[in-house]
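So that you can tell them apart, the chains are marked A, B and C in the order they are listed, and the count of residues begins at 1 in each.
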Amino acid sequence: MPISSSAALGEGVCISHPDLVNIYGCRIGDETRVGPFVEIQRGASVGARCKVQSHSFICEGVTIEDEVFVGHGVMFTNDRRPRATSDGGQLLGLDGWTLLRTLVKTRASIGSGSTILPVTIGMGALVGAGSVVTEDVPDYSLVVGNPARVIGDVRTR
Amino acid sequence: MPISSSAALGEGVCISHPDLVNIYGCRIGDETRVGPFVEIQRGASVGARCKVQSHSFICEGVTIEDEVFVGHGVMFTNDRRPRATSDGGQLLGLDGWTLLRTLVKTRASIGSGSTILPVTIGMGALVGAGSVVTEDVPDYSLVVGNPARVIGDVRTR
Amino acid sequence: MPISSSAALGEGVCISHPDLVNIYGCRIGDETRVGPFVEIQRGASVGARCKVQSHSFICEGVTIEDEVFVGHGVMFTNDRRPRATSDGGQLLGLDGWTLLRTLVKTRASIGSGSTILPVTIGMGALVGAGSVVTEDVPDYSLVVGNPARVIGDVRTR
């Protein structure tokens, strides 16, 4: 079931290709649009009137507020030291590691091809395409690069 | 319908996994090969004898000439200031923003994992894997990095 | 057939969404878990108790040992000069180019959104999210950036 009944979808949510997504255990707000080849995991929350474009991955621990743009091929993360197995060689499951959280505030935009470490991205901020965000992004700032650095304010340029 | 009837496909186009793509309203030239998990949008144009590898996204406004290699996980873009909603908080649809165009000239190659801002990539140029291309790429040049910079000429190295 | 009978799967391999992958002609070791939107090509080898997360691409020429973590949206490569066609303008097929190999040693972890050129990644090494790995990575080292550089040792930080 590519859209699990465990997902709580708001009114008017549009998932253009329900057979080409993997969406489960998350919340998606009213009127938000989700493209193909997207995974949204259990425990993630996406606000209202957002766009989540194709090929993006939103993991547990990510909260996205309203009117946020998530470009194509954006990868969120929730762990800075990922491992497949424990010291003892057992596969790590739902526990055995520490979940780190990410918050993307209202009206922020994340450009395509970006990778987001567990941070807070401020209100109205713009993450340029192809960025790797390793630190918090202030409200209304424009960040680019790997690692992403502030290069301006979206209100003045 | 993962391959829409609105797509104009040339002779001998090979889409290896028609159930695992989203292709609509675009033109694809003769003998071009397209891998799985690819989206090619309305208004995009891909030439003849190209390879478009898995996980790539080609948006409206992108023109790809003949014999171009598009690696795996390549993200094209058509907007430098993407937003989900208007100032008034309405979801942006097919209008309400300015489409920027990208041209990839004959025999260029774009390495896997690259992100391409709206630019022109010159004939025979090579974009190294994982690059973020923010400016035009001259013919036959080799560019790498984030942002991508010219580091050589493909005819001499 | 998204999971081809030509793939040799070990015991207890878990492919969570068999209709949303493209897996053929490869070997996957016991208990390894594979997410959706993953392609694993002919001739690739993945060890036991690995995690291969969503949106990743593992090509021919890649050998992944046991207990390796491959994050989301990781792109492997096997060619430093990819082209669509020969000098004569014919599409390149299974031959006509030189396969370069990649080895990922036991217990290494590759962060999400990384691109891996044909290299060796050492035992227990950690590739930070969003990295572009262009050179060999020593055992137990932590590398980040584009191009990826060593910034520490995972045993001491």
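Heads up, the rule we're going with is that contacts are C-beta pairs under 8 Å (C-beta built on N, C-alpha and C of every residue); 3 or more make two chains touch, one makes a residue touch a chain.
No experiment lies behind these values; they were computed from the predicted model shown.
**Student:** Copies subunit A and subunit B touch; is their interface built from the same residue numbers (over half shared) or different ones?
**Tutor:** Under half shared, hence different.
**Student:** Quick check for you: after a Cα superposition of subunit B on subunit C, what is the rotation angle, between 0 and 180°, in steps of 5?
**Tutor:** 120
**Student:** For subunit A versus subunit B, what separation do you get between their C-alpha means, in angstrom?
**Tutor:** 23
**Student:** Name the residues of subunit A that each touch 2 or more other chains.
**Tutor:** 20, 37, 55, 73, 146
**Student:** Spell out the residues on subunit A that touch subunit B in their complex, using ranges where they run on.
**Tutor:** The contact residues of subunit A facing subunit B are 17, 20, 31, 33, 35-37, 49-51, 54-55, 67-69, 71-73, 107, 109, 111-113, 126, 129-131, 144-146, 154.
**Student:** Of all residues in subunit C, which touch subunit B in the complex?
**Tutor:** Going by the criterion above, the answer is residues 2, 20, 22, 37, 39, 55, 57, 59, 73, 75-77, 81-85, 89-92, 114-115, 117, 132, 146-147.
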